[in-house]
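The first chain written gets the first letter, and so on, giving A, B, C, D and E; residue counts start at 1 in each chain.
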Amino acid sequence: MTDLRLDIHGVGKSFGGLEVLRDLDLAVRPGEFAAVIGPSGSGKSTLFNLVSGLDTPSTGDLLIDGEPADLRSGQVAYMPQKDLLFPWRTVLDNTALGLEAQGVRRREARRRAGELFGVFGLDGFQGSYPFQLSGGMRQRAALLRTVVLERPVLLLDEPFGALDSLTRTEMQLWLADMWQRYRWTVVLVTHDIREAVLLADTVHVLSPRPGTVIERIQVPLPRPRGIDDLTEPAFAAAERHVLGTLQGRLIP
Amino acid sequence: MTDLRLDIHGVGKSFGGLEVLRDLDLAVRPGEFAAVIGPSGSGKSTLFNLVSGLDTPSTGDLLIDGEPADLRSGQVAYMPQKDLLFPWRTVLDNTALGLEAQGVRRREARRRAGELFGVFGLDGFQGSYPFQLSGGMRQRAALLRTVVLERPVLLLDEPFGALDSLTRTEMQLWLADMWQRYRWTVVLVTHDIREAVLLADTVHVLSPRPGTVIERIQVPLPRPRGIDDLTEPAFAAAERHVLGTLQGRLIP
Amino acid sequence: MAEHQGQEQQEQQRRQRRQRRRKTVRRALTAVWPPVVLLAVVIAGWQVYTSAAGVDPATLPSPARVVAQGWANRTDLWDNTVPTLQETVLGFGVSFVAAWLVAILLDFSPAARRGMYPLLVASQTIPIVAVAPLLIIWFGFGLLPKMLVVTLTTFFPLAANLAAGFASTDREAMRLLRSLGAGRLRIFRLVRVPSAMPYFFAGLRVSITYAVVGAVFAEYAGAEKGLGIYMQAQKSAFRTDLVFAAVAVTAGLSIALFGATYLLQRLVMPWERALTEEDRS
Amino acid sequence: MAEHQGQEQQEQQRRQRRQRRRKTVRRALTAVWPPVVLLAVVIAGWQVYTSAAGVDPATLPSPARVVAQGWANRTDLWDNTVPTLQETVLGFGVSFVAAWLVAILLDFSPAARRGMYPLLVASQTIPIVAVAPLLIIWFGFGLLPKMLVVTLTTFFPLAANLAAGFASTDREAMRLLRSLGAGRLRIFRLVRVPSAMPYFFAGLRVSITYAVVGAVFAEYAGAEKGLGIYMQAQKSAFRTDLVFAAVAVTAGLSIALFGATYLLQRLVMPWERALTEEDRS
Amino acid sequence: GGSSSSADGSGGATRVTLALDWTPNTNHTGIYVAQQLGWFKKAGIDLKIVPYGSTAPETLIANHKADFGISYQEGITTARAAGQDITSVYAVTQKTDVTVAVRANRTDISSPKDLDGKTYAGFGAPYEKPLLQKVIQNAGGKGDFKEVTLNTSAYAALYAGKADFAMPEPTWEGLEAKLTGKPLKNFQLSDYGFPAIYSTVIASSDQYLAKNPAIAKKFLAAVNKGYEYAADNPDKAADLLIKANKSVLTNTELVKESEQLLAKDYYRAADNSIGGQSKERWQAFADFEFKAGLLSDANGKKLTKAPDASTFFTTKFLPGQ
């Protein structure tokens, strides 16, 4: 079993009387890029909270490298759905927050975060405060704060939701590129089927609440992928498969 | 000129040294459905703040029915990009907030907001607090709070960004239906080209910052529109036109 | 095999239920015990010290003596508690209303804020000991000057915290309401007041803690009856034990009022409770 | 036509610049005038009343008399201000440090919170007037008992507000930091402390307002010198005017300290300033 | 003559307020005796006794917030010089009832001159320091000592050894110290060049006296009867005083002993009269204070000529006058 980086087994989670996840299985190999897609309210963010150790499952097990998921493992970098930028920190300080939280010295943290400002289209806003950013810029800052940690497992909850298609494609390609280079294990929650297929090795489709994995779709496209893959017939086929699963189950 | 509901003329806006909007023209007829699409940080939210009267332009004029845009006109219902649900109010009370803000009595406001809970997929969560909702549910609650106002002009800043494709399509069709029925004047900011084309009469494409309208694309599809229109050749053509404008200008 | 699993599940459920029950009991214990234990330790140490070192009870009476003598003089104590309590309640009531009115005024009018805030602060910086004789001269020995002192001492923490609370309102929430067409009054009621609630309660706790002390203090300037006069009389009679007994009554009243703020908070801020329960579970 | 437009634009720019300048001046005026005017009105009314009604200066001296006599006795006043100021600064310094330490302790340890908070509250509910003789007997007439009184009076608003501030931290921000791998200490430093800042300043303002009064008050229990002693002596000599002069000095010191909190806030919370400037523009 | 009609009861009685100078003690005996035995009521007076707070009775009287109050010659002299409306109407003690005292075990102090460099626990009155300086100087010392203002805690500080000397009353604190096993050593003011003073008096204001001469007379008649009773029946008077103040006067022995001492040496003058005051004594002390530069006017300016002390008191309202 230890050949799995992430091993989620029979996980259920309820809030009071509300059953959110039920008997969910999900396995991710080291260096694999997984996407999770599912209806709003199906428990995707809840699942991430469990994996990151912020919350505990009602039933089942979550293992990271064979160890129970725990906050202290230091394996997981989690970008939550809300940007949660701190109003009292400048954008640069906000993006350096994760490193500082791990004990990297402030100067060094700022330097490392600062290096990514160009790629993230935030140049010139280092000294601004979050309320001075647009929605998409806030999201990019939150993503920057997460990826700069360079942790082996990356949990991204709709990182590109607030971006226009062009910026989004840029960021997606950048992520694919980084993944190719560092071979992080990535789990990406998204509502964008195209995004899931473009980036992921496996797309896990969740049912409506109580959420459980109803389909696992392998994306047969070769690596490294690029913008050209969007026009491949295999791409379109995978997209249709995911859409079909989502619709088939939702509108019986 | 008074045959225009919304008449934005030569508007510019700067924050300190940062020029965000420049010489922007945008006109919307009564009962028209307009979409605004543009890169992240191009000033779309800023534009909405100007139209709703929350902020004042550095140059130019914004007229609503021939009158300068003003908070007190009571013509505009604005759904900001952030959901801004109040943590101390239950979901039902949050959705009733807009009506209460206008002076509708609490009971009546709750009744009217409550009627829409089914359509918005929020049934059963009336008594929950916002932190107990998923991201998509929060967004739907924020949208509900806005549309329940039934004001003549609706400004929607990425209302469906956090929704999965199915829920999103449902909400889009609901909105199209409502628009068909009440003939509100709608301005919709979106990053989703398909959404813009499906819903809007005119798609206004913004340039990168400083934002200005670089193209106005009329969508030639007949009304009322439905899910079947997605497969129309005219639909695909319009989509391509918008995408081309966005790309053509961005990657010269 | 299936049956075996069922048994296991049942066993697990039972275990969970037991754990939860144990948790509730433990939580109740941890809430009540620490202050009681700490207080007991302090009091025991004090008792041991005074008996062992043979301290003059006029310098520092033993707790046992304080309790015994306090009990023996309970009618006197009670007679003097009633007027103090009356002053406290009335004075604090006025303060409460005034703090809200003033904080609202300050919030609505920048001119009032700029003009009145410095004077409000100044009002707090007047040592009441110095003006107490004047209060007596102006208002006599009755309830009024004591009420005024209570109001003066409790007003500021409440008003200052309320003002800070109103000011802490999220800017974007304000904008939202403005865009929804709410007027200033309605914005105030719908966002500024709820936003100020945590500050309000922080201020209320500070303020209510001073209420009884303020009344006692006012009585020192001159009164016919009350715990303050009682303490002073007993002090001059070198009955430090009875002074301590009166102090204990004062503290008891204050702590009761302080505790009441938590009950009030539960009622007024139900969402906080939902959050805390979530965190606990 | 193009030239015409250019002229028009220039004209407009000039107009805007002029308007902005006028706005700045107006803002400065509106910030300074209201309290000055209000104070002037109050003082003028007081002056008129005392002269017109021919009030006995021992009952209520006129402001003119207070100023004149205060100035005539300035060396005495200053001699008595120095020790009071010393007690204030030292006592408040201790209080400040203690409030942080205790609030941090309370924040980190739920057991300490449950155990100590009630005792802290109790410590505030002890009327200092009642224990003042004991303070003298225990600690003598020196600086120490006064420092203690200042510490006791200023500690609670600060500690209580800090504790409330820490507790007000956004739950999701905490979770974020936890997920980023921050330990308790780092979470504390990175979110809880900044979140508590507005509460801290609300508490600081209440607390610092009480500092000088606390020192004056402590001197009443027993001292050689100080504004409290001076007031008492002048009161016994029926020199109400000099009592008022000393009260004015006390108020002046307090208001200066109060004003300093705003400077500190500007330094410590630069983001607030960015927000306010935004709102103004 | 207590046989006057008591038909008016308390409903028609005139309210009279009296402000105390200290917690109830034997200086107040006559008042409580008259109250306990119903003599005020019989005289048509509804007496309200205001306990001692931090507002001095002199202030309350001069501002007409109290009709009468317990005071002392030094206080009234200072107040009159400063233009306050206060007049002594009745002398409770005929012999100086205040001393300079140290704890008896202070072998290092055998005369006021040894008080140089020591700490005095005082009440914050302006005359204390110069008065004590005079005493020390008259005893051959420099008059250099440290003064701390302690209010009602002065004696506690003395007993606890935190202060070296204070000015207690031998009929109260002196006995109290002895009974609690910490006896004091007294230096009599008269031994160091001080004229005798009325250290406990009842005072009123000229305004009140002018408006209510009849009531003042009736009031003082009842008070006088009370002190006569105390002078003649110290033991019974002590019981009445204790009965009226059960919660503070818990040390019966102290009250009884004090009452005996007052009856023996203080209440009555050499001619056995009670309550009277002499112009000579008032003037002698006023002259003394003036010469010592202790008297200032309302603006704090030193008086340039000795005041006429005959206006500081009146015996007009005493029974039989």
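Things to note:
Please note the rule applied: a contact is a pair of C-beta atoms (placed from the backbone, for glycine too) under 8 Å apart; a residue touches a chain by one contact, two chains touch by 3 or more.
Chain-to-protein mapping (UniProt): A, B = ABC transporter ATP-binding protein; C, D = ABC transporter permease.
What you see is a predicted model, and the numbers here were worked out from it, not measured in a lab.
With steps allowed only between chains in touch, the distance from chain D over to chain E comes to 1.
Highest C-beta contact pair count among chain pairs: C-D.
As a whole-number value, the distance joining the C-alpha centres of chain A and chain D reads 48 Å. A separation of 21 Å divides the Cα centre of chain C from that of chain D. Here the CA centre of chain B is 86 Å from the CA centre of chain E. Looking at chain C, one finds that residues 59, 129, 133, 137, 171-172, 220, 228, 232, 235, 275 touch two or more other chains. Contacts with at least two other chains are made by residues 82, 131-132 of chain B.
Annotation for chain E: residues 56, 59, 63, 152-153, 156, 160 touch two or more other chains.
Those residues of chain C lying in contact with chain B across their complex are 172-173, 175-182, 186-187, 190-191, 194, 197, 269, 271, 274-275, 278. Interface residues of chain C, counted against chain D in their complex, comprise 30-31, 33-35, 37-39, 42, 59-60, 110-112, 114-119, 121-122, 124-131, 133-134, 137, 156-157, 160-161, 164-165, 168, 171, 198-199, 201-203, 205-206, 209-210, 212-213, 216-217, 220, 228, 231-232, 235, 240, 243, 246-247, 250-251, 253-255, 258, 275, 279.
Only residues 19, 22-24, 48, 50-56, 59-60, 63, 65, 152-153, 156, 159-160, 176, 180, 246-251 of chain E touch chain C when the two sit together in their complex. Across the interface of their complex, chain D is touched by residues 49, 52-54, 71-72, 74, 76-78, 80, 82, 84, 86-89, 97-98, 100-103, 129, 131-132, 149 of chain A. The touching residues of chain C, counted against chain E in their complex, run 58-59, 73, 76, 129, 132-133, 136-137, 140-141, 219-224, 228-230, 232-239, 242.
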